[in-house]
Amino acid sequence: MNTFGTLFKISIFGESHGKWVGITIDGCPAGIALQQSDFTADIERRKAGAAGTTPRTEADDPILASGVFNGHTTGAPITIVFENTNTRSADYEALRATPRPGHADFVLDKKFNGFNDYRGGGHSSGRLTVALVAAGVVAKKVLGEIEVNATLVEAGGNTNIEAAIDEAIEKQDSIGGIVACTVINLPVGLGEPFFDSVESLISHAVFSVPAIKGIEFGAGFAAVKMTGSRHNDAIIAESGKTGTNNAGGINGGITNGNDLYFRVAVKPTSSTPKEQMTWNNREAAVAPFQVKGRHDLCIALRVPVVIEAVTAIVLADLLLRNKF
Amino acid sequence: MNTFGTLFKISIFGESHGKWVGITIDGCPAGIALQQSDFTADIERRKAGAAGTTPRTEADDPILASGVFNGHTTGAPITIVFENTNTRSADYEALRATPRPGHADFVLDKKFNGFNDYRGGGHSSGRLTVALVAAGVVAKKVLGEIEVNATLVEAGGNTNIEAAIDEAIEKQDSIGGIVACTVINLPVGLGEPFFDSVESLISHAVFSVPAIKGIEFGAGFAAVKMTGSRHNDAIIAESGKTGTNNAGGINGGITNGNDLYFRVAVKPTSSTPKEQMTWNNREAAVAPFQVKGRHDLCIALRVPVVIEAVTAIVLADLLLRNKF
Amino acid sequence: MNTFGTLFKISIFGESHGKWVGITIDGCPAGIALQQSDFTADIERRKAGAAGTTPRTEADDPILASGVFNGHTTGAPITIVFENTNTRSADYEALRATPRPGHADFVLDKKFNGFNDYRGGGHSSGRLTVALVAAGVVAKKVLGEIEVNATLVEAGGNTNIEAAIDEAIEKQDSIGGIVACTVINLPVGLGEPFFDSVESLISHAVFSVPAIKGIEFGAGFAAVKMTGSRHNDAIIAESGKTGTNNAGGINGGITNGNDLYFRVAVKPTSSTPKEQMTWNNREAAVAPFQVKGRHDLCIALRVPVVIEAVTAIVLADLLLRNKF
Amino acid sequence: MNTFGTLFKISIFGESHGKWVGITIDGCPAGIALQQSDFTADIERRKAGAAGTTPRTEADDPILASGVFNGHTTGAPITIVFENTNTRSADYEALRATPRPGHADFVLDKKFNGFNDYRGGGHSSGRLTVALVAAGVVAKKVLGEIEVNATLVEAGGNTNIEAAIDEAIEKQDSIGGIVACTVINLPVGLGEPFFDSVESLISHAVFSVPAIKGIEFGAGFAAVKMTGSRHNDAIIAESGKTGTNNAGGINGGITNGNDLYFRVAVKPTSSTPKEQMTWNNREAAVAPFQVKGRHDLCIALRVPVVIEAVTAIVLADLLLRNKF
């Protein structure tokens, strides 16, 4: 389903080339100051425009359609909508015969018996992440002193992001990246022992973001090469402060008061300018194929603020559930 | 919460040193043949006993307490219970002053104001995975021809598992591992575009398993070093069959009919025989600490069948939701 | 929360005097023909205009903002929005000091610490039922041959509705009514033994509709005066057809293939033109009070189509959950 | 499904003639004193034994199988189990050909393709209400000063319960009744404007109880004969205290600080000793039928404590959700 959360619940809707994309946030406490300008910074961070990002630009002015009154949240559901203005649906008409490799075209067509809105990925488009970012802005306000910070730490296997982008432009082939996320000022005790472990909920939300293919908490995959005595984070104060942070701030699924830390793998943008081979339904054969339309060479550049958003959404939910 | 799933819903309960551990499965279709012996193989795979695993052994005979009648599921909730017989609670009494590093002792004590059952990790113990395995047995029956297969592919950074265990025993320090999971015979179309993507749901379930710290689908973290033209899986047949499987069988959160493939990182067992330094509440200082009790040197050895179980649970749920 | 349903899930948003009211439907199958004109009949039935209904009229043209493409549902979330055009917020400013008796003014002010949008009841307004009606139109399409039919059978204690309205207009005091709902062509087997009994889900949805204070299935409250031998519906055919229908088509929470039948009590409109006494915060005393604004003398006139809508929503959900 | 609640979540399991009936409570706060003797009073109130109740008696000693340690709740799921000892399954074997009128035999057989445990109603039996009562005992502890009180106010249409029972015994035909429930000391603000209105949640829970066919809040069905000026409860103090309580303590779905009041209709016990006509599958015709087994002539006698339990469960959930 397209709904997520328990007490801070979001429902996402819209299509890449439809009228709007939007999100409804149900359960946000009343009395939080909220206005259109609060969204500007995060929406700008997500926007296209830098080298390696798509030339499609949208105004992306959020319409606060409900749940806000006199500059504050009211306790009623908050719906935030973004108009789609800069769409070129014609780009996609020709492609129906050839499901784009790496994209959801093929699976959506099968799952929805051909009724899906195929233009620009439809409902499955990365365009919808603007709605996640908007919900993230609201969630961050719920978090108060808790701060979520995500950055792109690697692109195309290179920690020098700029050089990696230049190389991708030169090669005209897309690249992926790694986004690292740190959360500070967390209380001890968020999360539940089993199915609502902090790792469970964050990974659930993170894998909703298009192009994410891996996540690791703390030492993550590197932990498998450590011994227990090295991996264990010694507690060095009554507050629970640890000397190392191999656990990424989580023990037994519950925040331990240290920084929450995780990294996510962003695959290379599926829409690469390079010619590819794939199935052509008209020819009933594998045939050469080239993506048209406007796309990011490194979608990972735009992912950090989305990861921040979904992380803030999860933590806002857990914070509201807790009986502090 | 300790409940997971939409149409195939599980609720887990019990403590390591309590009367029982168990699980209730709500939503399993009626008419599936089910008897006690169906559980034997998977429960044996999870059991302690091999080199590197804990000497604590349990009979682990499942009690089918409800939802089964005349050898078949009835459509009513299925409750499966395991008695805890081999508990030595005295082992834990002395440790209360010293929250074990890497364990949830500290966070549980804070979260539950000291009321948690601290014996052997209580409700957060790996002991509860026997209940997950039992639910997995039922889920696998719902899956029919879909087969889930997980194996330990690396321990302590070594693909020769036996050698890695020997080294751990020699060093008397615990080690981690990597479990790879493959699912075959999946239909196209399981999963939802946003929050119920297959990756979202599987990762949610997998991170409920104690000691898991990372997950990657298909090429996963290695994808970030690939270009798009290399990472994209060319579709080579009308069925959706792809030449490579870097996507791990999932596009846009939805199964594409190829094998589902993911890998998980299992941290080294927190209870290592090696002496460690950690906070001692009685001394109000960092002090040396050594775990007693009976523990696995490489808990990863016992994890594959648990990963299979939670994967089967997620897929059974998605299969029941689908309108095939 | 403002979300309801399992596989056919609705999320409602908006305020009486805000920009929009709307609803998102998540889980509607793809391929259902749907266009704006499909909504006209039900929206007209809900509309004000008849004797005894409010002079406030809205165009109420549904905007199909997402989930519909080429005249069919796509399988993605369907968002339907209605603009609020005919609002007179000034009517409400003066009333803040006096929470209107029978309304939610007092409880909303307390629950949301004064941050709620108090204009015209805000999010709690009956205005939002237009969104429920719209979701009902979609749900009815999912139901296929199953038909839901609700009518006002009694107003002000009188089965002659017209006479009752005339009397209310003459007395200038609002009245209530009873709505009866019948569903035909139901299959045997919808609903679950415990918490998702058909009665549980329908009553849950029905009591979301403002002004509803009672519900009874089949013989309902009259059943308490019957003996078991009279109340029991004899099964008279292999299909499950019964001679009487005191159970209202439900046994043990599950549809039995006979007509589903229930009645709901609609209280008199809280906004009555008659002078009333109530608490006045400015005077810190009980004081006379008279409602201004535009209101229905018999809101029950507009309720039947809303009851149909929520009933259809519940049944669509149950139908999708079933494995027919 | 057989799970209910958001933060205080219950999962029910078991069958009338199976090994156990039980319930798991997920989300109960840690640190609440809880022991076996706490359950005695409410379990006794539910028990058979009085005139007009079934001769089947069970010890009904609750087994606190998890979530309780050192006499207090731990914050982990609480599972409470009751053994079924006094079962006579043979009573039911002969009846399979004749689905009992008023019972769920026919619908369960169809819904579960004949795989349901048909003995004594199986999972749909009133026997499972002992588990609801147990969860209610825990919920009441969460409620603190809030008190829930339900009583049988009418049986067989007679306010003299004793006389009504005597008449039923004499006539050898079962009768129904009305249970009234009052909750005192509620705070203002529990419940949500739309789908989680207090009426929605309580009615959802109440209709999970077998034999309930109607519910009305405050004046309920009598409200439809009142004018608005009479039905509206004048607020007479700053606290929200009202002079009358026609709303039953709920405005706009939210508690208003006055007593919560509702009434439920309990149908006559379906198993009446009187001969009835119903479908006989063997004869493929309508034929005379007489219930054997042990049954209550007036199940309503045992219902009040169950209504209290489910009401307490709903209110505990709402209380935990609230951010007081």
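To keep things simple, chains are lettered A, B, C and D as they appear, and every chain counts its residues starting from 1.
Everything that follows uses one rule, which is that a contact is a pair of C-beta atoms (placed from the backbone, for glycine too) under 8 Å apart; a residue touches a chain by one contact, two chains touch by 3 or more.
This one's a predicted model, so the numbers in the text were calculated from it and none came from an experiment.
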- Please state whether the interface between chain B and chain C is built from the same residues or different ones, using more than half shared residue numbers as the mark of same. same
- Weigh A-D against A-B on C-beta contact pairs and write down the one with more. A-B
- At what distance in angstrom does the C-alpha mean of chain C lie from that of chain A? 37
- When the C-alpha atoms of chain A and chain D are each averaged to a single point, how far apart are the two points in Å? 44
- Query: Counting in whole Å, what is the centre-to-centre distance of chain A and chain B, each centre being its mean C-alpha position?
  - Reply: 26
- Listing for chain C: what residues touch at least two other chains? 1-3, 6-7, 12, 76, 111, 123, 193
- Task: Please name which positions on chain A make contact with chain B in the complex.
- Result: 1-4, 6, 12, 99, 101-104, 106-108, 110-111, 121, 123-124, 128, 154-157, 168, 171, 173-178, 188-189, 192-197, 199-201, 203-208, 210, 212-221, 223-229, 231-238, 240, 242, 246-248, 251-256, 265-272, 274-279, 281, 284, 286, 300
- Would you mind writing out the residues of chain C in touch with chain B in their complex? 6-7, 29, 76, 193, 320-321, 323
- Query: Contact residues on chain D for chain B in the complex?
  - Reply: 1-3, 7, 9, 11-15, 18-22, 24, 26-27, 30-31, 63, 65-67, 69-70, 72-79, 81, 111-113, 115-117, 122-123
